[in-house]
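What follows is a structure written as structure tokens; I'll ask about it next.
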Amino acid sequence: MLLSKNKKVLVQGITGKEAQYWVEKMNDYGTDIQAGVAPGKGGQSILGIPVYDSVKEAVEQHDIDTTLMFVAPSLVETATMEAIDGGIKEIVILADGVPVHDIMRMLSYGAKNGVRIIGPNTPGLVYPGFSSIGIMPSWLPHVFQPGEIGVVSRSGSLGNEASYQVVQAGFGISHFIGIGGDLLVGTTTVEVLEEFERNDDIKGVVLIGELGGNMEEQAARFVKTMSKPVVALIAGKSSPIGVSMGHAGAIVEGTEGSVESKQKILADNGAHIANTPMEIGKLLKILV
Amino acid sequence: MLLSKNKKVLVQGITGKEAQYWVEKMNDYGTDIQAGVAPGKGGQSILGIPVYDSVKEAVEQHDIDTTLMFVAPSLVETATMEAIDGGIKEIVILADGVPVHDIMRMLSYGAKNGVRIIGPNTPGLVYPGFSSIGIMPSWLPHVFQPGEIGVVSRSGSLGNEASYQVVQAGFGISHFIGIGGDLLVGTTTVEVLEEFERNDDIKGVVLIGELGGNMEEQAARFVKTMSKPVVALIAGKSSPIGVSMGHAGAIVEGTEGSVESKQKILADNGAHIANTPMEIGKLLKILV
Amino acid sequence: MRLFEYQAKAIFAKYGIDIPNGQLVDSHDSIGDSAKKIGYPVVLKAQALAGGRGKAGGIRFAKDDMEAEGNAGILLGMNINGAAVSSILVEEKVDIEKEIYFSITMDRAAKRPVVIVSAEGGMDIEEIAKSEPDSILKEWIDPTHGFHSYHAIDLFKRAGFTGDTLRKLSQLAATLYKIFSEYEAELVEINPLVITRNGRVLAVDGKVILDENGKGVKEFQIQIDAVRDEDLMRYVPLEGDVGILANGAGLTMMTMDVVAHYGGNPANFMEIGGELYKKSEEALDFLLTRKDLNGVLVNLFGAYARTDVIIEGILRSLEKHDTDIPFVFRVRGTGEERARKLLMENLNVEAHDELDEAAKEIVMKAEDYRKRRV
Amino acid sequence: MRLFEYQAKAIFAKYGIDIPNGQLVDSHDSIGDSAKKIGYPVVLKAQALAGGRGKAGGIRFAKDDMEAEGNAGILLGMNINGAAVSSILVEEKVDIEKEIYFSITMDRAAKRPVVIVSAEGGMDIEEIAKSEPDSILKEWIDPTHGFHSYHAIDLFKRAGFTGDTLRKLSQLAATLYKIFSEYEAELVEINPLVITRNGRVLAVDGKVILDENGKGVKEFQIQIDAVRDEDLMRYVPLEGDVGILANGAGLTMMTMDVVAHYGGNPANFMEIGGELYKKSEEALDFLLTRKDLNGVLVNLFGAYARTDVIIEGILRSLEKHDTDIPFVFRVRGTGEERARKLLMENLNVEAHDELDEAAKEIVMKAEDYRKRRV
């Protein structure tokens, strides 16, 4: 389901200023936004999209595949529970600054209910040529072109850079999956790789990681078993130890989570390491 | 299972002073106490009963039907979760003073795991002639004699009085079930009545209630459907409104939970009201 | 433990719930200043830990200083269902468009918390249940999941609310559940919850009962300590003249009832169950400070509590007090034989076997004693 | 947000965890008095928000005043992995029988908290993982169920503990999870957790990292405010000479890496992603307060952030500052065309298409500038 290119989308918190900016962009791109939720604004509409007071009411009127959340960090836990209780099976959480203990409880509740959570602090998902769910500049033609490369990224900005490099090298992007930069996220790199491996549209994979945590290490073990070439770019080599670098998840303690160790494990397991963004394109030209 | 007379019993908190007093009494009465739990005292024994560090270890070595808890009020919630996680299906909680929000969570967790909880603040269970699980004076021959009457009581002290009246009237007691005096308890009066109605040993029922709550009202609706005579004694007629009378659950707000309304509903549904303890015996002689 | 209205509202305000502008006043001198600060007309609400305030005349209005001072004087001297009025909450008079009933409490039968809403607020919930039963909506809460604003949206929509009022009500409901949880309450109630003509959603009254064993009461420790002094034996004074000393809460209540059943008037509730049975001397010492007793009934049914130990304590207490009021004893259970012997040797009294018999005797003897005293 | 050891231990003590007798000292004059109160021999522990303290010589012993003062002087002047030592924790020397490693942290791969125990404490967990991998025991926590003393009993029994030590360790573990939850921590660690010869279970060191978005940090608000001042742009100073201005955390890190890749030395991390892109003027103002820069690389990839708006801010800042250090620009994405035009018109500069090219140029130009400056 994660890779399905024409999802029916619900937008929670649709009446906020930022939400309206992005809903227009996504709508223009062709995304199938079925409905929005904003408590107390039930009955209104935004760009012709009907607004409901609750998820429960929205799902009574619409089939929803995924919900995209424009909700303040402190309200994300409740909004996520509302989506899960409403029976929605995929949740995309953009907010940066959700308390990690909230995330922990949300992920536990999601797992118990068979719900995929993407994020928090994800830039979202882009299916070039089909739809865009999140805050990625899907409309920029030199960044997103349809094609055969799957991109998974912890970072939005570096995800743009990587996608741009893929397109500059003459390829296109089948799926862009932002997993989010927080300490805990609902969908990890390895889980996206598993989907990429199974998907026939995808001929090659770009993995964008950064210092901190053990997600790239975990992914490396799976890369070994993959039939598709994987190019990995890991940011943070020149970042100091023990300091959080913008992303809550980007912090190194001791040697765990260092860029060097991630690159080594990935390379040992058959991934191809790009040291700079331009090397992504060079490697793809050789491998795909 | 609630009415089974020869349960295999675990005692949590077995090394405390009060626990040891009662374990000796229960043991002398013939109760099948298989094991005890006291963290850090694993390997010791009390009256020949082996002690374990955790419920998990005890259930690995023994079949346990029910656990009896001599545990301080603040530790009851954890001990209950330990028993539930250990797979025990019946839990008897004596402690008076367990925070009601702890009880609420415990009952929810128990219900999700199919566990019967009796109490908190119950005096326990007596199966005269067979076994005693709790802090009732089962050894007093003018209070507990084997027989054909099922007694269910919110109060320990008034339960003694009622049992004594049953025995004075020439009957015996098949089961004494104390349900506990707290605001929330795991097993309600009506649930015990349902068991009593199904049990062939029981020819008549004594229901001991008190002011406050709606358990007797709920029970009354079931009394209507019962084939066995029910004698009800409700304490607290002369107690003032809005004050807690010893038991956390014994408080009347407005007209809800008043003794008069309970007696009326019970009588309307076919129960026989005893106004004083001695009337219990008189009514039983007529009815059974 | 029940909180005063002003305490309940202070909690509400701390959690961001809108309450009427108000001040607490404890003398009728300062009432004018407070009322002027708030702005006339004002409402004066007697603060007392009892229900039925409205019917008892505990809520009064004032449009100027004279009315305020006069009504304050009346309120401060009042007694509401046995509870003294210690202070007055002076509040702005609110422009009511609609009154709602809202509460969260424990449902014993369902063994979980329940949220109760009625779009017909302002009356007692039991009156609403009688006059508008269909207006009462309930939603039970899974405590491991909580009660959130989206649950409340559903509930208030069913109650007929929409738009911004719906949003405000549902946020308030979620906040109230947070208070219920964090303060470990047995009840939180807002009645009436008022929607004003200009769209405010206001908690115009507030009732909070905290679990005495819970975390929330710690904030009110002084209040607890004051109660605890006379609460050692869970003593509750009543208006009768027959002192009651029994073991266990249920048996004590029944002892009172049986005395009343045979025409007597119990003077108190007092529990000496559990380990407290060793404190019977102190319990009787305390009971005998009352000068309005015409008799005492001691009803013991020993189990863990040993009746002989209780009787020993009673004998020690009686030795200290020079009292001629009649005592009647009923003793059964653990230690019975020795207890009976002690009573016979020291007081030349035969203990009863049955509560009914003992109750009849004390009612008769108290009646005699009262007549003699007059 | 990482806490100082003494802050972590103050939390431990508040929750009833046994810690060594100790005092915080911030000058070497008062060290003797504190040490005497505790009783020689004592341990002096440098308080700094950095790891590797032991290896850096940040823990010293003293058997008398002279040693204490001497060592205090050394510690207070130290810098531990870039963090200044602000104070010293003076503690009793503990009679160690056994050292244990214990921590609770978030496991990103498992997406839930994990408890880690090793009966071989005292070293870094990674050293233990290398030298005694079998001694490391892990238990994952279901956050809706919690971690209780009975879970810990099981864990510590597997680690080989019995009897009263087992009971104490398991209580401590449950308490630590309570701290982890109530303070909303990312990590709580006790290493070493010491069992003394007389049976005490002592937290001899303590490390707590709180979630900056969580409730627990509120208690340390002053500390946060101090950080926030220079944290507006999530600015992290580095030792290099090439200033970095990019949008988004990931892209900024990569910009630093690419500069380093081509032989340069990045001078900072600074994020102006999200709404912050409108603050590029302030960001550059702040960056230019550094006098050690030999060049600045501006790398923009616009999406929500408009590159032309960022460039406008940069131009405003440059107008205010009389600086001749070289600037290199790379611009792509939203607003690109106008941004390029602004750069050409105002600075006569052609923006690069590629980060790689831009990085090469700034490394070369910074090298030149440094040489000219010397």
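Observations on the model:
To keep things simple, chains are lettered A, B, C and D as they appear, and every chain counts its residues starting from 1.
FYI, a contact is a pair of C-beta atoms (placed from the backbone, for glycine too) under 8 Å apart; a residue touches a chain by one contact, two chains touch by 3 or more.
What you see is a predicted model, and the numbers here were worked out from it, not measured in a lab.
Touching chain B and chain C together: no chain. By number of C-beta pairs in contact, A-D leads when B-D and A-D are compared. As a whole-number value, the distance joining the C-alpha centres of chain A and chain B reads 55 Å.
A straight line joining the Cα centres of chain A and chain D is 26 Å long. Between chain C and chain D the centroid-to-centroid distance comes to 53 Å (mean Cα coordinates, whole Å). Not a single residue position of chain A touches two or more of the other chains. Residues of chain C in contact with two or more other chains: 144. Taken pairwise by the contact criterion, the protein chains form one closed cycle in which every chain touches exactly two others. All chain pairs in contact, by the document's touch criterion: A-C, A-D, B-C, B-D.
If you check the complex, the residues on chain C that touch chain A are 145, 148-150, 153-154, 157, 162-168, 170-171, 174.
Only residues 2, 50-51, 81-82, 106, 108-109, 111-113, 124-126, 142-144, 181, 184, 186, 211-215, 234, 236, 238, 246-254, 256-261, 266, 269, 271, 273-274, 301-304, 332-334, 354-356, 359 of chain C touch chain B when the two sit together in their complex. By the touch criterion stated above, chain A contacts chain D in their complex at residues 21, 73, 96-101, 104-105, 107-109, 111-112, 135-137, 140, 142-143, 153-161, 164, 181, 183-186, 188, 190, 208, 210-211, 213-215, 218, 233, 235-250, 253-256, 259, 275-278.
By the touch criterion given at the top, residues 39-43, 53-56, 78, 81-82, 85 of chain A touch chain C in their complex.
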